[in-house]
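One structure, as structure tokens, below. Some questions next.
When the chains are written out, they are named A, B, C and D in that same order, and each has its own residue count from 1.
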Amino acid sequence: MSPEPLLRVERLGKRFGGFRALDGVSFHIDRGEVLGLVGPNGSGKTTCINVISGLYAPDEGNVLFAGRSVGGRKPHLLARSLINRTFQSPRPFLSLTVRENVEIAATYGRASTAAPAVDVVLERLGLAAEAARRAEDLNSAHQKLLDLARALATGPRLLLVDEIAAGLNPAELLLMADRLRALAAEGMALLVVEHLMGFLERVTDRVIVMNAGREIFDGRLAEAVRDTEVVRVFLGGAAHGG
Amino acid sequence: MRRRIVVCLLALACMAGARAAWAQQSRPAEERLGGCFDGYLDKAQTEQAAAQQPGQPAAPAEIRIGHLHASSGPYASISMPVYLGLKLWVEQMNAGGGAVVKPFGRKLPLRLISYDDQSNPGTAATLTNQLITQDKVDLLIADSGSVLTAVSVPIAREHKMFLFDPTGTGAAFFSKDNPYIALLADPVSTVWPRFLWEFLKSDVAAAGLTRVAILYSTNDFTGTQAASIRAALKAPGSPVQIVFDQGVPTSTSNYAVLIDNIAAAKPDVVLELGYVGNDIAFLRNLQESGTKFPMVFTLYPGIETSTLLKNVGQTGLAGVFSYVTALAYSYPPEVGMTLEQFRGSWEKAYAKSGVEFGWNAIAGYVTGLVLGQTLACTDSMAQLDVRKSVFSLSGKLKTLIGTFELNEQGAQIGELTPIGQIAPAGSDGIHFTVVYPSAMSSGKPIFGAK
Amino acid sequence: MRRGVGEYAAVALPLLAALALAPLVYSNELLLFNFIMFLILAQGLNAIYGFTGYLPFGYVGFFGAGAYGFALAVMHLDASPLLAMACAGVAALALGVVLTPLLRLSGAYFAIANLAAAQAVYQVISNPALQDITKGPYGVTLSSVFAPALSYGVALGILAATLALVAWLRNARLGLALQAIREDPVSAAMAGVAVVRGRTIAWLLSALIAGLAGGVFAWHISVFYPETAFDLSFSIFAIVFTLFGGAATQLGPILGVLLLYGLYNVIGITVPQYFQLIYGVLIVLLVLFLPDGLASLATRRGFRVP
Amino acid sequence: MLAHAILSGLVFGCYFTLVGLGLNLIFGVMRIVNLAHGDVVMLGAFAAFWLFALVGLHPLMSSVIVLAAFALLGLPVYYLVVPRLLAARDSEMLSIILFFGVQQIIEAIATIAFGTSERSIPGRVLGRGPLHLLGQALPVAWVVSAAVSLLAVALVYLYLYRSRVGTLTRAVMVNRDEALASGIDVNRVSALAFAIGVALAGLAGVFSPFMLGSATPAMGGDVNLAAFAVIVIGSLGDPRGTMLGGLIYGVALMLMQTYMSAWANLLPNLLLIAVLLVRPTGLLGRQVRRA
């Protein structure tokens, strides 16, 4: 392990009006590591990703990427400095073709010479056959892949993945898990927000559990399910109706 | 792709080109001393005179009169009456076999081509050009009001086409270097209020009313009138003092606060210069607010009398001063119908049109009369001959609105309207007492009536 | 970029040639001039609406600023028409810069705020308090520089440049980036696109184009009132034409102007009494049945529209 | 002068709340901009005028008839146009164009039917003489129009916050997709809101001859500009915001008329832009981050 992790999040805080969406969250991810981020609805998972990817500026704390502070930087600058993400519901450029979608990211977000060529990305995600179709004509599974392709085309070293498994069929799930693992194997760091524990198990064994804007657990997935507070939060969350 | 575009363009060009039915008949302007108009020229005489001329050019099938009107938008309410008044004249002429056209020595039917510019100046510009270049009209008439007239002025000039301008009173249109325009029915804005300021400085001041408030709408028509009144009232030796002088946007539709502000300046005389809608709103608010001024003058009670009467009512108008147009002061016409006859024809033709009879209707009709006399007097259909013919009418042509008189730039300086005061007549009518100039007056002003 | 040049040659050059030769065979030159002006305005609007999705309802504000930039330069600086044209562009650009904060708004808010801004500029210019500078409500007369043939040529030049710009946007990476911003600004940012900068560039380009159109309009008609230069129908016509043809393409707005403005004039000349009614019905049908414009008929079938 | 300006501004503002109310309801529920709003106001004015001129009907009676008739008129227009419009990709923008077309149609028909001359109903019909309120004289017709406007605002508020359909309507306002997903008949709720919006515009029209001097078929454009200012200053979609926007608009306009009358029309526009830049969702708008 290198002395400085790729991503270090320090006491991150974010408020919306009087609501504390993030309340002093700290964690780190190393190169080639996959970290799962779980918690009930509204616990701050997506907000956390939004802050790291630059959509929101943090109110407190900091985000350090490869040792440099990047908290509050604009998203397009982060995209060009090797941080990228996917969206919970994919947001492709609907009226553009699949190829154009990926091309934009490859042109504007290309951060390193290591970034893969457009064709390579399309090939790798099985989208090559769809390259000339307009994004709005794709089914939702393909739109998710396109969203991922857009992120990969910038050649990120840190990828934030927001509930990519939702809505995929079992075969697609397995394939997606394989793809994420392969990315990690190549040295990419991944932060994976996920509700589907089965899917998460396939891609990582280290998770952070969040509740009400705080992290309440950081450790192995197998231990998390035995942690009393984690169990209480998930059951309690259910009792509150989500 | 290339082909599609070319085809589109060609199609467009063809559609427009096909409308050019015949080339304009013209011959070199031949010099003649003096105009033909010598008092009232009897049509039969013209016919006779013209018929004696040998070697006349072949007559066209009709005389084409190009015109623009606005059936919608902000200028519709002043434009439509002019259009309908003009149309009435054309229909009457045609019912009588057409108009005498001197160069051809006989009567020719008239064809009025009037496009709708929808109060859109850009469209008005294109359509003016359409009339000149495609329809090849013999006579060109602008739309009403300065904004819509303005765009036609340079186009007519560029094509050396004489522009008959019914009511576009903008002073900037009339310059020594542009022979291609004449203002027919409204006096030019700079001189129109002359009787008003003379009245204020003489009779009104003598009655002890010297504090004047001016409230005007900020557009060319009323702004220019306000400016010339202001200049006259501020001239050295003027007994009058301006205590309130404010412009308001022409779209202003409520005057309650403005009336309160004017009252705070304690004026003796309030001049409100606006368009029809402004005057209606002002007079209604004045009546409803209960505020009284010794003298109130507004433009439109005399210009669009029946519209104002319907909207403001007898009591709201009683005591108000205004211009007295031909609607209330009859000039014996030497050409065309009298006011009563014209009004009768209008009611017969347009009672259901929703366009009220008023000054602008007369203006349209007078435009027609000027056109008719021009045709009867012109040496040829060449535009400079047409101009000469129009100018030869100056000081001689007497219609139901008085004597037609042009200055050398083509601005109307005759047809000045006297100042009058409104008194109730009958159960819901009104009538005007002319109070200035004294030569025309029919009574004394009553101050403090409003 | 090669494709851009090809498309320009195929679409723009024939159009420009036709418009250059048209006055020889068709004498309502002002109608042709208005065609050129609306072609410019529609493409300028295309640059901002087609490529970024912002609908500038007050687009006429830039047009009017350009017209008055031209007029003021002629009246006060005694500028030559070409210098005055530059002033027209600068005036509109300056207004564009001032209004850049409006880009923070979205959807109808942007459209309405932009409309209010155009109205505000009109109300300032037409105010009698500024009579000494702008001639206020009394209108300007520029007969000293009146030159219909030359201004026609300049208008054609502006159209050529505007079409080139749009052809470039259509094919250059900036154009793609702008379209990405239109589709989804967040996603575009994550693709590395500098969203604010991209929008601002498109906004200013589009302001500049309208300003030049306004300048050449002022030059060509030479006598006008503030109501004329700030007539809201300039905005609306440009929007309707662009929409009818299909935004974000070079060809769409051209077709929109040629067909719809052509139709507008044919209706106006042949059936003036039902002018407004027919035009209104046409617009309603267009939005209901062809919301993405003529170009979508081709793109839906998988053809690329230049 | 100051007191008079403020008081007139408040009274005038109440009326302008009514002018903006229908536009706002339609935008709030359907996210479409009814650019023909001003022309519906114009139709209301002509309806009241003809009812008065032909059968001598009192404007207060006409207002009931206009409310009902215009609501019934709004329904078919809704079903003809709106669902199709909402299915388009950028309906918010397209609506501006669509309703511009509708506006042209209305104005053209009105011109053919009513002519171009100014029309109005005498102010005395709503009461004679000025009314003295807090030491200031105000036209009775203004006060009556303002009172009717307040009543209309109150009824709309009750509809939205005290009725079942109103609750559903608010749900649609907050999030159309969620509302659809939770089984609300969004189409019916929208049709109702559209009909009410049109009816309110008609009602505003009935009183426009008193507040705006007179009516012509061309008046719609100016009415629209005022209505936009009112609802944007307040915040699109919220009737209480419209009230606030109307009052601010009225008072600001009257103050400008008092102290800088030539610039009076500039203020609403500057106010609108300033409010939007400081609070992009209007004074009462929720702070939502729209990416």
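Rule of thumb we're sticking to: contacts are C-beta pairs under 8 Å (C-beta built on N, C-alpha and C of every residue); 3 or more make two chains touch, one makes a residue touch a chain.
Everything quoted here is computed from the prediction, not taken from an experiment.
Asker: So which has more C-beta pairs touching, A-C or C-D?
Answerer: Contact tally favours C-D.
Asker: Centre to centre, using CA atoms, which chain is the farthest one from subunit B?
Answerer: A
Asker: Taking the mean of each chain's Cα atoms, which chain ends up nearest the overall Cα mean?
Answerer: Central by C-alpha mean position: chain C.
Asker: Could you put a whole-Å number on the gap between the CA centroids of subunit C and subunit D?
Answerer: 31
Asker: Express in whole angstrom the distance between the two chain centres, defined as the mean CA positions of subunit A and subunit D.
Answerer: Their C-alpha centroids are separated by 47 Å.
Asker: For subunit A and subunit C, what's the span in angstrom between their mean Cα positions?
Answerer: About 42 Å separates the centre of subunit A from that of subunit C.
Asker: How many angstrom lie between the centres of subunit B and subunit D, each centre taken as the mean Cα position?
Answerer: Their C-alpha centroids are separated by 37 Å.
Asker: Which residues belonging to subunit C are in contact with no fewer than two other chains?
Answerer: 123, 127-128, 186, 275-276, in rising order.
Asker: Can you list the subunit A residues in contact with two or more other chains?
Answerer: 55
Asker: Would you give the residues of subunit D that are in contact with at least 2 other chains, written as numbers and ranges?
Answerer: 107-108, 111, 221, 262, 265, 291
Asker: For subunit D, which residues count as touching subunit B in their complex?
Answerer: 1, 4-5, 8-9, 12, 107-108, 111, 113-120, 122-124, 129-130, 137-142, 211-214, 216-218, 221-222, 254, 257-258, 261-262, 264-265
Asker: Considering only the defined contacts, which subunit C positions touch subunit D in the complex?
Answerer: Those residues of subunit C that touch subunit D are 49, 53, 55, 57, 101-102, 104-109, 111-113, 115-117, 119-120, 123-124, 127-129, 185-186, 232, 236, 239-240, 243, 274-277, 279-284, 286-288, 291-292.
Asker: State the interface residues of subunit A toward subunit C in the complex, per the touch definition above.
Answerer: Result: residues 53-55, 74-76, 79-80, 84-85, 87, 91-96, 100-101, 103-105, 107-111, 132, 147, 150-151, 153-154 of subunit A touch subunit C.
Asker: Which subunit B residues qualify as touching subunit D in the complex?
Answerer: Touch residues, subunit B against subunit D: 71-74, 76-77, 79-80, 119, 218, 246-249, 251-258, 260-261, 264, 276-278, 280-282, 284-285, 287-291, 304, 307, 310-311, 313, 353-356.
Asker: Residues of subunit C touching subunit B in their complex?
Answerer: 10-11, 14-15, 18, 22, 25-31, 34, 123, 126-128, 136-139, 141, 143, 146, 148, 221-225, 227-228, 231, 233-234, 251, 254, 258-259, 262, 265-266, 268-269, 272-273, 275-276, 306
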